[in-house]
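Sharing a structure, written as structure tokens. Questions coming.
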Amino acid sequence: MNTFALPPPPPRPAGLRRRASDLLYTRRGLLLLLLLAPPLLWFGVIYLGSLIALLANAFFRLDDFTGQVVREVGVSNFVALFDPANLDAARRTIVMAIAVTLACTVLAFPLAYFMARHARGWSKAALYIAVMLPLWSSYLVRLYAWKLLLAKEGAISWAAERLHLSWLIEALLATPLVGGPSLSFSTLGTFIVFVYMWLPFMVLPVMASIERIPASTLEASADLGAPPLTTFRRVVLPLAMPGVAAGSIFTFSLTLGDYIIPQVIGDSTLYIGQVVYRQQGVAGNIPFAAAFSLVPIVVIGVYLWLAKRKGAFDAL
Amino acid sequence: MTAAVTLDGVGCTFGHGAGAVRAVDGVDLTIAAGEFFTLLGPSGSGKTTVLRMIGGFTLPTAGRVWIGGQDVTLAPPYARAVNTVFQDYALFPHMSIRDNVAYPLMVRKVDRATRERRAEELLALVQLPGVGARRPAQLSGGQRQRVALARALISEPQVLLLDEPLGALDLKLREQMQSELKALQRRLGITFLFITHDQHEALSMSDRIGIFNAGRLEQLGTPRQVYDTPATRFVAHFVGAANVLEGEAARSLTGHAQAMLRPERITLGEAVGARAAGPVCEVQFFGAFTRIKVETAGTRVQADLPLAPGAVMPEPGQTVHLHWNNGAVHALSAAA
Amino acid sequence: MRSDVRGGFRGTWPLKWAAGAVVLFLHVPLALIVLYAFSSEDKSYVFPPPALTTQWFGVAWERPDVWEAIQLSFEVALWSTAIALVLGTLAAGALARARFFGRDAISLLLILPIALPGIITGIALRSAYHTMEIPFSFWTIVIGHATFCVVVVFNNAVARLRRLNPNLIEASMDLGADGFQTLRYIILPQLGSALLAGALLAFALSFDEVIVTTFTAGQQTTLPIWMLQELIRPRQRPVTNVVAVVIIALTFIPIVLAYWFTRADEPGHR
């Protein structure tokens, strides 16, 4: 063993690196502080700072005359929120969010149930990827795809003609509130696209909560004499609710905050997001835009509170 | 000669206030250079914490630690002349075996050729020639343990800490490693500080043993001392089987207030000169000996009897007479 | 395939059809985009396409505004990913194992930019820029992107750090490596693939982001903004189709790679 002479240990190094390492070793708190300082500074100053700026601006107002923001605290913006046009936009957006959530739930269930209870091994993994795949493609591209589909000369019209269902589409478009000049400029079109976009967000949590139902529970239900539909209604549905609530958080808040889909596919009626965007852009009325953007925050906050009571957070 | 390791009033308390846990409390310990020293105790007794304080992974909240005459109480692990073999070996999974073993030399800036040659030498020392190019995941548990050993030895530390290194091995392999480790220590002359909860391991391998219980060092001595003359009731029970007698039974059988009697020092004999007598209430055959439990003097006394082949085992219910020498009785201090 | 759950839907065929229909619903639009990129029709979105051609790929290649948009998106994504890598790794190093007051609050803070609707983050940043009188620039975009990309890197890094055997760090120090050497030889190599996955995801996220960008970009045009403008006022439909296919590829590939890296990391995979 002694064919080798280990070089003498370097003299207790007073080197900076060694001393720094020693210091950080004995003072863990200092190490933690150094690690956290950059991210906390960034988030504190930039993110929290901008949220504060948002809140502050909500109380300022825009002087119509000078076009400048007057930095005085006032509630004129919040009063303006109750203008019929604004209330309209808010109501429209909330109704759309609820409708989208319901539709996503209905559509997600068959797939989620199938994946949770019938798919095994590779087929389950394949389905999982199939559901995630659209999410991995660009949001705008998927939106664009629907623009193509919904166009007057596009695939859906073509299919409708072949199936002799064109009259149905005409009828739907003629319906007030829901319809519009064409599928690609209508509330109905907007609705379809919203459902398409957020569907994966609903499928996965619902699948997870159905998976959590032990097989023995379902067997017990059948054992006790319940036909399949009753089992579904009384056992599966209630137990899947936390998953639905979790998924609905996504569908609800994503719809509330989106302004692009209504702008591209919608008719000229305005949604919350569009109002906010227009106000801060061309109109330069940042204070009002800020105030109006508080509306989705409050609505989402209420919704989250309701969802928590339904146990959504346990399912996430 | 400077002691290899000295602990002076060392304690370690985790947490604050009402919920504080005294993992180690007031330990004084001196380990001589070249000694094979074992820290023995049940889980949670503080022996691992003591090891970690010597290694530098946990800093003591009281007392001082010296290694090789230097005060290293607050020094980080890399500043101490101590290397550790961890319980789960802690081999670096992203490096080859050779790079693992050579790691201590690499961080000391030894050149590549020298350190690789040295690593091969050490792998040969632990009887693993030729595995240098493989990865830890490709080796068996026993092999990984040898690599951990080689890695810890390559920088010639003054003290080697071994944290229950044989716990994960099966019995045959464990016994083989025990003799190998002992032989290695003799050959290298390095101070070994060994942790285990297995008293057989401790008794067979150590020059001296420190027995821990609930954060305190209960006894410090050679294996013989610890076995023959346990300082406390805990030590008596922990190291080997023991009859711990107290109260009435102790007085009538031994004349002490509290005493210990090893079961293997009891023999069966005639009624004449017997120390105790009574009915057998339990008989268990262990191969090398038969264990019987006898009701006597208001308590149960256990005797481990070697029985020659063909001899007759006592039956339950049968009255037997127990004999032992005075020297077989060890008085335990009243406070223990 | 027999249902092995007696309490469930007895006839799995209606269920299968329903599930299949939903999957088709999710994928047909994407398939159509790829089809349209080869359509020879340039005035409308007529279906089915009259003929198939690859000429539009060449035309798109020549369009300078497309290239500018791609370049801007690329640079923004690079910088945002770099900043997110640094901040996310530092935060992960602090939060992975240490317990201290406010730990959960910090985790929440990091996830907030992504959890709140984009429009909130967007208008918040816009308000801040306006109030501080900061003009729109490359950096106003990067700041927004980096902020919501941090959590992506953070999640990957924390997951990997939590799986790291703490004994490895102790062993390294025990054998003579100081803190910085341990970081270099032991921690960073182990973190490597997780950071790579996080960086890829952050890149894809930044490249694709549109809502916050529209609030922070002013007159600049990233690729998503270009796409959005085309959606509202189509210029040359076939070129847009081609660009759409390119975007699919450009955002899809990093995500698949990241997924592959984190899967290879899982225990039991080596």
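Going by the order they are written in, the chains are A, B and C; count residues from 1 in each one.
Note that contacts are C-beta pairs under 8 Å (C-beta built on N, C-alpha and C of every residue); 3 or more make two chains touch, one makes a residue touch a chain.
The model shown is predicted, which means the values in this text are computed figures rather than measured ones.
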Check: If you average the Cα atoms of each chain, whose average lands nearest the overall Cα average?
Finding: C
Check: Count the touching C-beta pairs: is A-B or A-C ahead?
Finding: A-C
Notebook entry, point to check: Among the chains, which has its CA centre at the largest distance from subunit B's?
Noted result: A
Check: So how far apart, in whole Å, are subunit B and subunit C when each is placed at the average of its C-alpha atoms?
Finding: 55
Notebook entry, point to check: Taking each chain's centre as the mean of its CA atoms, how far is subunit A from subunit B in angstrom?
Noted result: 59
Note to self: Using mean CA coordinates as chain centres, what's the gap between subunit A and subunit C in Å?
What the structure shows: 15
Next item on the list: Two or more other chains in contact with one residue: find those residues in subunit A.
Entry: 21-22, 25
Note to self: I need the residues of subunit C touching at least two other chains; which ones are they?
What the structure shows: 173, 178-179
Notebook entry, point to check: When you check subunit B against every other chain, which residues touch at least two of them?
Noted result: 76, 78, 108, 155
Next item on the list: Would you pull the subunit B residues touching subunit A in the complex into a rising list?
Entry: 59, 74-76, 78-79, 108, 110, 114, 118, 121, 125, 155-156, 187-188
Checklist line | Residues of subunit C that touch subunit B when the two form their complex | finding: 165, 167-168, 170-179, 181, 185-186, 189-190, 270
Margin query: Can you tell me which positions in subunit A touch subunit B when the two form their complex?
Written below: 1, 3-4, 6-7, 9-10, 12, 21-22, 25-26
Checklist line | In the complex with subunit A, residue positions of subunit C that touch it | finding: 1, 3-10, 12, 15-16, 18-19, 21-23, 25-27, 29-30, 32-33, 36, 44-48, 86-88, 90-91, 93-94, 98, 100, 106, 109-110, 112-113, 116-121, 123-128, 130-132, 143, 146-147, 150, 173, 178-180, 204, 208, 210-211, 214-215, 224, 227-228, 230-232, 240-241, 244, 247-248, 251-252, 255-256
Checklist line | Interface residues, subunit B side, partner subunit C - complex | finding: 55-57, 76-78, 82-84, 86, 88, 90, 92-94, 103-104, 106-108, 137, 151-152, 155
